[in-house]
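Heads up, there are several structures right after this.
Each of the next two complexes has chain A plus one more chain, namely chain B in the first and chain C in the second.
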Partner chain A sequence: MTRLLAYNAIIVATAISLLGAVLLPVAIRRGRRDWLTLGYAAVYTNFVLVTVATLALVWGLVTHDFSISYVAQVGSRATPLFFTVISLWGALEGSIVFWAWVLALYGAAAVYFNRGREGHLVPYAAVTLLLVSLFFHVLLLGPANPFQPVFPVPFDGPGPNPLLQNHILMAVHPPLLYLGYVGFTVPFAFAVGAMLSGEVASDDWIRLGRRWTVASWGFLTAAIVAGMWWSYEVLGWGGYWAWDPVENASFIPWLTATAYLHSVMVQERRGMLKLWNLNLMVGTFVLTILGTFLTRSGIISSVHAFTTGTIGYYFLAFIGIVLVAALFMVAGNSDRLASEGRLDAPLSRETAFLVQNLLFTAFMFTVLIGTLFPLVAEAARGVKVSVGEPFFNKMSLPLMVALLFLMGVGPALPWRKAAGEELKGRLLPGIVLGVLFAIGVVAAGGRGAYSVLAFLFAGFALGTNLQEFVRGANARVKAHGESFVMALVRLVAANRRRYGGYTAHIGVIMVAVGIAASSTFKTEQEATLTPGQTMTVAGHTLRFKNAWGRQEKQREVIGATMEWMDGDRVRAQIEPRMNYYPTQQEPVPTPDVRSTLRGDIYLSLMAFKADGSNVTVKVIWEPLVPWIWIGGMVVCLGAIVGAWPGGRERGRAVATPAAPALAEGQP
Partner chain B sequence: MNWKRATIAAASAAPVIGLFAWGLTRDPNNIPSPLPGRAAPQFALQVFAPGQAALSRPVGDTVRLADLRGKVVVLNFWASWCLACRDEHAALSDVAATYAGQPVQFLGVLYNDVPDKGSAWIAEMGGQTYPSVDDPGARTAIDYGLYGVPETFFLDATGRVAYKHTGPVTPAVVRFKVDSLMAAAAAPAAPAGAPSGDTAAASKGGAR
Partner chain C sequence: MIWHRRLSRGLTALAAAAALGALSLGAISPRGLGAQAPELPAAPQGAPQDTGALRVQVQGTLTDAQKNDPALDRLTSSVAAQLRCPVCQGVSIQDSPSELAQQMRTVVKEQLASGKSPDEVKDYFISKYGEWILLEPKASGFNLLVYALPWVLVAGGLVFLAFVVKKWTSAQPATAGGAARADDD
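Right after this comes the complex of A and B.
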């Protein structure tokens, strides 16, 4: 019953997406407003139908309806309700359902908020959104159908992958990732709409898509950080990033999107880089699809393997169509995208953005090539190679350090041309802070050139970005006689985009400091202890109290209680565990982490004697790692400030006639 | 609209799409084993499941690879917790029986498992015609570079690894490999068991 409802909803949604995508161009050609409305209705109906299918699948999971193939695959009666609900995105088919739902939601919202806009940009964007939706519906009816009948109906199922039911972040990371990844479809659709409607020479597609881009970027950033956090808390290796193809797949479009967020300001301010920005936006979307293809098709070996079938060929066809169509449209429109302005001086904000864009693009290609290299090498020379961390670390360190530096210089540089004296005053706080950071890291024993440079530039960037807040607020204190705090709040509220950006910068600096510190000063040690014995790592003493075991609903747990000592006082109890799931041959190690602002004590249980007489534990001192998570949240805060509705749009947007539609049209 | 430029740009997508299309025909997890063509790692392991009739060896007996020189050896790594091993069990067991009395030794090696469970599994599967040995600490499995179970190694009469098969085997595969190795041993002029790489026709079925 539930199965048929969901399956038929997808069939009807497929038909309606197709109808809408055909109807809208006809409506545009014939100038029929009523058909246009009908086409938009298709977008909304698609959303309703996919919502029905998604809820039906969740209902099937919750009621243990094992006659639905997806439920039989990932469900089990022993799994707690919470993990049952989130197993919606725990395996391939369910994740495609969820993807289709997020896409339909975005599509409906994007069309709804811009439905009143004159011109053909929004109708063509709606066509784009419907066509992308159509692709995911085809997946659901074909290679990733979660609604197949199962007969005879099994009494119970194997349950979701234990790794995915081991931590609360599994509830957070995938939805954020989809919200980010899928969200770029909206600004991409506006870009396509601009190209098809002939409005590409104006900046309208950028303005219509701006908040969607910032929001998607914020979600993607949060997703990446949450993924790092999950990996850190769950996998027991004490790291948070391994340059696995799936991690790279999320990072590659993030790089182009970040480049776009910056370079688009040059277009709005100076009318430059129009073709470049169009390329970045289209590229970001293509890269999200490419990333999905790489991770779902099994074309590249990864620890995040989804089981694969024929889905790779569907994705290949889709990526082929998207790539050919995108290149065709962008190149075909390139004549209309001549620059209006030119660079006035080498020392200006435009130049900083330009260099920043070059670095981000280089970074993107580095990660992309590293990820695809095994495939290329096998095609060209017939050899199996793997590209691992050393390559990526070596290539990305100089880029990251240079980007940190630019993040410090950029905000201090004015548009067009910088004057020497003023510049000095704006850079000074950063220079002071940077030198302090560098001295600090050398005093703490850091010796590598890159780690000293990373801290130097992190301090520098922190100084100049903070200085922007202080300078702006001080000006308001002088002008309006407000208190400093009030001035700061009003400053940010009045210039959300700008100060949202600076806030994000500060978050990124925190992340960078966390990464630099933990990779420079991480200390790890393994020891076998009997009860009462202690070990010391980086000045932190840990005492083994006892080992224990207990039976939980869906698993057996073996754990060790360790005491983090402060002299004779017990500062905290830390309990690394091993979880045994009946459907899994090997235990799932579950580290335990105690966080302080100075760093984390990270404990993994490696082995234990069955009688509890001794345990082997790995202890890692991870300095400043919590700042990565805090920084990630600060970046998101910046994205929220930057994307918040209302607020004054800076630059040329204010003067154009499209502005009223924008004010009405944004979420 | 600049049609010429648009067409050129669109055509530039072809190599990328071609690369991906080619990539889809490959299995990135299928990493060729360096073992075929080399001397098989030695082992001395104890029988825990005797096998049946002519093929049987007493429980507790130590099987040494060195003693099997002159015979074609089929070494099958398996475990009671391995689902794909169930698929190939009948194929191996039945084919082994047809080679009774010939210079071929089939041998099961228990991987990451305990003999009691292994014996129970054999009983559940309706018996196994050839003997199985225990591999405590998976030392032999490590020597053979085992990636998962089931994996089957075909050793020629001179004690070299001739083929490695990842995933469940089929009767046809076993017969073909064993027959060609026996033919090579019978024709002394030809280099015995010329390395022919590995096969992984059904690698996706294996437990990792």
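Right after this comes the complex of A and C.
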């Protein structure tokens, strides 16, 4: 029953998306407003139908309806309810269902909020959204069908991948990733709408898509940081980023999206880079699909790769179609996209943005080429090679350091032209802070050129970005006689986009400092201890108390209790474990971490004697790592501030149904 | 003529995107996606499939002094960080908690203790597992591409930017149109 309901909902949704995508262009041609409304209704109906299918699949999981192929694949009666629900995205088919649902939701929302806008941009955007939806429906009916019948119906299933049910962050990371990834479809659809409707010369598609872009970017950032956190807390090697192909796949579109967020400002303010911005948006969308292709086709092995099969062909075909279509649309609009470039001076914020865009694009290519190179090398030479962490670290360090520097310079540079004296004043706080940071890291024993540079520029960027808040607030204190705190709040509230951006910068700096500190000063040691024995790592003493075992509902757990000592006092108990799942031969190592603002004590249980007489543990001192997670949250806060409706942009950026002409009449 | 110009313009504009499409297409053709299906889903791609071949022989030659020698430990870590754990997903044997990785670390340490240079130790593992075992491809021959391309792009981009900035700054000074807007983003 549930199976048929879900399956038929997808079939109908496929038909509706197709109908809508055909009807809308006809409605535009013939100028039929009523058909337009009907086309929009297709977008909403699609959302309702995909919601039905998604809920039905969740219901199937919860009720252990093993006659549904997906449930038989990932469900089990022993799995706790919570992990049963989130196993919706635990394997290929379910994750495509979830993707289709997020896409339908975004599509419906994007069309609903802009339904009253005059012109053909929104109808064509709706066509785009329907066509992308259609692609995912085809996947669900073809190579990734989760609703196949199973006969005879098994009594129980194997349960989800143990790695995915071992930590709570698995409930957070995938949905955030989908919200980010899929969200870029909306600004992409506006870009396509602008190209098809011939409105590409105005900045409207950028304004209409701005909040969606910032929100998606915020979700993607949060997803990447949550993924790092998950990897740190779960995988047991004490790192947070391994340049795994699929980590890269999420990072690559983030890089182009970040470049886009900055370069659109040049277009909005100076009318330049129109073609470039269009390409960045198309590229970001294509890269999200490429990322999904890499994850879902199993072409590159990784922690995340699910399965193999024919699905890769579908993705390749889709990427090809999007690229060819984009090529023709851009070519068809090339006359409208021509923009005269003019700069007043080489030293200006415009130039900083140009260099920033170059570095982000180069960074994207570095990661992309490195990720795909094993495939290329095997095709060209027939030799299997690996491109892993040491390569990416070596290549990306100079780029990251240069970007940190730019992040400090950019906000200090005024638009158009920088005057020497004023610039000096704006850069000074940053220079002072940067030098202090650099002295600090050298005093702490850091010697590598890159780590000193990273701290120098991190301090520099922190100084100039903080200075923007202070300078703005002081101006308000003078002008309005407000208290400093009140002035700061009003300043941010009145210029959300700008100060949201600076907030995000400060978050990125925290992430950078956390990464630089932990990779420079990380200390690790492995030891075999008997009860009562202690070991000391980077000045932190740990005592082994006892080893223990217990039976949990879906797994067996072996653990060791370690005491983090502060003199004779026990500061904290830390319990690294190994979890044994019945379906898995090897245990899943489950490290335990105690965080302080100065750093983490990270403990992994490596081996144990069955009688508990000794254990081997790995102890890692990870300085400043919590700042990566804090910084990630600050970046998201910046995105929220930047995307929050209202503020000075009200009416300028959003075409409300009540005032559709407003957006049209913008200069 | 017009179409030619337009198309070439679109082509340049989308060269980036097209290149990546071509890269992935070209890369896939030899094996074909469908052909991958029968492979063991859990085995890392490119890893030797016969687990027997994965084994390493720990000699047990380390003396107690060598076991607790911090300098040897550091050298071992730096070599181990460059070798891929054959049963994991792209993690080095230094980072992997797996048993095989632990054995491989011991072998690295034994060979270093016996006087082999880091390169000789790496060569030993290459002879056993193939080039695939190196987490960072050797910077020679075809592999130079992956090292050079990003920097070629950065250098080319910088030259291009310098040219563009020069051209745009020497153009007519902009009219006051945009200058009146507040510095709000």
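Methods note: the second predicted complex is superposed on the first by the 647 of 667 C-alpha atoms of A that agree within 3 Å, B and C clash if a C-alpha of one lies under 4 Å from a C-alpha of the other, contacts with A are read in each partner's own complex, and residues count from 1 in each chain.
Keep this in mind: a residue touches a chain if its C-beta (ideal position, glycine included) is under 8 Å from a C-beta of that chain, and two chains touch if they have at least 3 such contacts.
Since we're looking at a predicted model, the values are computed, not measured.
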After the superposition on A, what does A:Gly312 contact: first (chain B), second (chain C), both or neither? both
Please work out whether A:Val442 is in contact with chain B alone, chain C alone, both, or neither, and reply first, second, both or neither.
neither
Is A:Leu163 touching the first partner chain B, the second partner chain C, both, or neither of them? neither
- Task: Tell me which partner A:Met535 touches in the superposition: chain B (first), chain C (second), both or neither.
- Result: neither
- If you stack the two complexes on chain A, which partner ends up touching A:Val150: first (chain B), second (chain C), both, or neither? neither
(request) Kindly classify A:Leu19 by the partners it touches after superposition: chain B alone (first), chain C alone (second), both, or neither? (result) neither
**Message:** For A:Ser334, using the defined touch cut-off, is the partner it touches chain B, chain C, both, or neither? Pick first, second, both or neither.
**Reply:** both
Have a look at where A:Met265 lands relative to chain B and chain C in the superposition and call it first, second, both or neither. second
Notebook entry, point to check: Looking at the overlay, does A:Ala242 come into contact with chain B only (first), chain C only (second), both, or neither?
Noted result: second
The answer to whether chain B or chain C touches more of chain A is C
Where chain B and chain C land on the same part of chain A: residues 293, 297-301, 312-313, 316, 319-320, 323, 327-328, 330-332, 334-335, 372, 374-376, 378-379, 384
In the complex, chain C touches chain A at residues 6-7, 9-11, 13-14, 16-18, 20-21, 23-31, 33-34, 36-37, 39, 41, 43-46, 81-82, 84, 89-92, 95-98, 102, 130-137, 142-143, 145-147, 149-150, 153-154, 157-158, 161, 164-169, 171-174, 178-179, 181, 183-185
As the complex stands, chain A meets chain C at residues 235-239, 242-245, 265, 268-271, 275, 278-279, 282-283, 286-287, 290, 293, 297-303, 307-310, 312-313, 316, 319-320, 323, 326-328, 330-332, 334-335, 340-346, 351, 354-355, 358-359, 361-362, 365-366, 368-370, 372-381, 383-391, 394-395, 399, 414-416, 495, 497-498, 501, 586, 589, 604, 606, 618, 648
The answer for chain A against chain B in the complex is residues 293, 297-301, 312-313, 316, 319-320, 323-325, 327-335, 372, 374-376, 378-379, 384, 585
Interface with chain A, chain B side, in the complex: residues 1-3, 5-10, 12-13, 16-17, 19-24, 26-29, 31-32, 81, 112
